[in-house]
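We just call them A, B and C in the order they show up, numbering each chain from 1.
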Amino acid sequence: MSSELFHVIEPRVFKRELLDELCDITDTARALAKTKEGAAKLHASLADKRAMLYFTQASTRTFLSFNNACHILGIGTSEIRDPAISSEIKGESFDDSIRTFSSYVDVIIMRTPERGLASRAAALMDEIPRRVPIVNAGSGPDQHPTQALLDIYTLERSFAGRGGIDGKTIGMMGDLRRGRTVRSLCYLMKNYHDVKLVFISPPNFAIRNDIKKHLAQDKINFTETGTMDDALGSLDALYVTRMQSEWDVEGESLKVNLGEFSIGPNEMQMLPQEAVVMHPLPRGPEIDPAVDSDPRAVYWRQEGNGMWMRVALLIKIFGAEL
Amino acid sequence: MSSELFHVIEPRVFKRELLDELCDITDTARALAKTKEGAAKLHASLADKRAMLYFTQASTRTFLSFNNACHILGIGTSEIRDPAISSEIKGESFDDSIRTFSSYVDVIIMRTPERGLASRAAALMDEIPRRVPIVNAGSGPDQHPTQALLDIYTLERSFAGRGGIDGKTIGMMGDLRRGRTVRSLCYLMKNYHDVKLVFISPPNFAIRNDIKKHLAQDKINFTETGTMDDALGSLDALYVTRMQSEWDVEGESLKVNLGEFSIGPNEMQMLPQEAVVMHPLPRGPEIDPAVDSDPRAVYWRQEGNGMWMRVALLIKIFGAEL
Amino acid sequence: MSSELFHVIEPRVFKRELLDELCDITDTARALAKTKEGAAKLHASLADKRAMLYFTQASTRTFLSFNNACHILGIGTSEIRDPAISSEIKGESFDDSIRTFSSYVDVIIMRTPERGLASRAAALMDEIPRRVPIVNAGSGPDQHPTQALLDIYTLERSFAGRGGIDGKTIGMMGDLRRGRTVRSLCYLMKNYHDVKLVFISPPNFAIRNDIKKHLAQDKINFTETGTMDDALGSLDALYVTRMQSEWDVEGESLKVNLGEFSIGPNEMQMLPQEAVVMHPLPRGPEIDPAVDSDPRAVYWRQEGNGMWMRVALLIKIFGAEL
């Protein structure tokens, strides 16, 4: 077993050994859940724990997958999804609110529109007597480590029997400048051998330099293109993302010819037969629903993986025995 | 045991055998819950299941009764009661949202102000690999099948020792044109022998022709009247409903002389001694709270029945063993 | 064991024997929770119960501590935190709403901005067949009995080895006129011997005459001052409260020189070495966060005590065996 896991703030804490272990725990938990006895074992494993889901940024998937992961493990949950629900929270400092949550629960899972709050909460925890782990479920535009974990799991299992992620060519398409999903996933690629990344985006939405610098330091091979057609034929996986128009300053998303960065039945013909198509969802027009029935479309499976990987993460954090 | 039950979209799926079975399961579950051991058995019976309560139409009773039915059975629940809570939901298609819920849970219980969404969700489920049952907890103005179930149970148990619903005369009073409760209950009457229905309503709020056509096809005896006093003396049950003023176009509810369609101590004197008064609640002025203490007023018991009938429904859907 | 406990509406129902018993149950529950087996025992103890958390007044601490107390005991919870979520509630009487909750759950925990609603709900329960206990989690400006309980527990345990609350001098500082916390705590002081109270407040925010009358009747020694410095040196505990500016009519809170009623490192030097500083939280500027690290600052421990005292209260109400 790899070393212990406490706070989960950014994807860089995940080394290969830990990633492999989390993928294995995910498989174990899923297998257990298939029988009544196994499900009862999972349900009892963390029944003495309580979680706070503090989601001041709206979320369906991340919230529901964490909430149901807690249900699977018997963890009792409390939620604040609308900070306006509590006038007290408005009147007190962020630190006092977080410390208050920590008085009642055993883990705080938080998602905020602001950058850096999860790491600030973790730093606070490290200073107080009743220290509880902080799990970053998305903090502003920067990192979304649990999304990166479920993406890794989906890639690994999609390439099962083909050597896993090692040696694969992975395309990432869409709004690469602002999507934190792609950013977080890139940070994890150094854990795999001979991965090639192909970034496909409109010129104004290219991957940022800080990521490219990291990739260069980690000696990860990557190329950039604005033309999907050139790239599709060489890919083992295509990770499609939507335009993050909520961060638009002057409607710059609207100027993109989205058709050039969207997948439909025609584009699927260019993709190799063993390749997979992923997407963090929710999707916009960048994936035609007609693609859903293609066996290479794994984004719905990826979504379900999210719950099970979060089950694994909570098992690992608390050291639960299965 | 009757055949299996999966989606619950409209009351017409309920045949007599299934109705009787659900009433029996309801009794069994209630009896179990009276002891600590029985309650623990119920609580373990579906502890490996998770439910999504997707209520975009406000509801107190239906929500709370389903939520607590899940608690009784150990089912973990997630809720979306305000769609505005999730900006993601706003941005994605209804189908994608429902499929997302189905990635995480084992049953979707949904209530919407729009017509037909529950059956659309059920059709979607029938096309995907991880198919979960859809329970319609009220879809627009048309159907509310679980309300009809609890009404059947209440009638059957109110007439216990008197042969159940068969042969009874049931009055339905109020806004029969727009109340989905009465509509759904009418559809189930064909399962019982020699039932007579008496519709009591203001002229502009009479039961719709589509229902009358169904009753005629099913050879169910019914009469219509605008005068409560003529009818009360002949009833075994009086099902009172409120004016559905939320569907008013130009305040038509306000023009009704509500006193002619309301029950107070005077009206109770006209009702036979063995008759019962029901109401789906919440009530407006159509039932005087002074009636509450009359032993024939069973609407509060009916409300509690709602939770237990929903317990039975979930037991049946999942084939849980008690 | 003291007599039974059902409704918890106001602090005056708590006599010494019951207070001591609740403090003991709190200790027992906390000790149990430290082992997996003990936690499982707690979790099973009330797993057949369901609670309604009806919080129409915003609250973080009281809500979360009750919700998590329920989780610890295996009680299933339903919540209404925003009455606007349910259009039905708007349309029906308060009595009908409360009776509806009682149809589905085994205890109603309620917090309202209006005075007297908890006692009205309790009176309603005493008239109906399915009577469930009402727990007042704060009703308008008058009483907050469970806060008073956790304050008693915190004081008792802070003075463990020094004879408990008996014989101690307790200062209460801040907006004593409008803070219901202090009011409720004062009512419980008659249960202890030789307690001295020191009220420290701006002139316009002094403790009300009705409380002073009660204290006089109960022969509890108290003094009032507007100058903190005179009092600090004599205290065993200083209970600090915030300005309740939400009740301001014309901004009267703003006219207070808050520095004279606030605690920082300098004021802590005037406080005896064995004294403790309490606060119901959330805090405003009246306690400098620099005080948090002083071992005499027990307000964070007090906050955590709140959850465990509520665990004890629910155990006592339901007569659960540990």
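As a convention for this text, a residue touches a chain if its C-beta (ideal position, glycine included) is under 8 Å from a C-beta of that chain, and two chains touch if they have at least 3 such contacts.
Since the structure is predicted, the reported quantities are computational estimates derived from the model, not experimental observations.
S.K.: Chain contact topology under the given definition, line, ring, star, complete or other?
M.R.: It is complete, because no pair of chains fails to touch.
S.K.: Given a C-alpha superposition of subunit B onto subunit C, how large is the rotation in degrees, taken in steps of 5?
M.R.: 120
S.K.: How big is the gap, in whole Å, between where the Cα atoms of subunit A centre and where those of subunit C centre?
M.R.: It comes to 41 Å between the two C-alpha centres.
S.K.: Subunit B: which residues touch two or more other chains?
M.R.: none
S.K.: What does subunit B use to touch subunit C in their complex?
M.R.: These residues of subunit B touch subunit C: 33, 36, 39-40, 43, 58-61, 63-65, 67-68, 70-72, 81-82, 246, 281-284, 289, 300, 303-304, 306-307.
S.K.: Please give the residue numbers of subunit B that touch subunit A in the complex, ascending.
M.R.: For this pair, the touching residues of subunit B are 44, 47-48, 50, 52, 76, 78, 80, 85-89, 91-93, 95-97, 99-101, 103-105, 128, 130.
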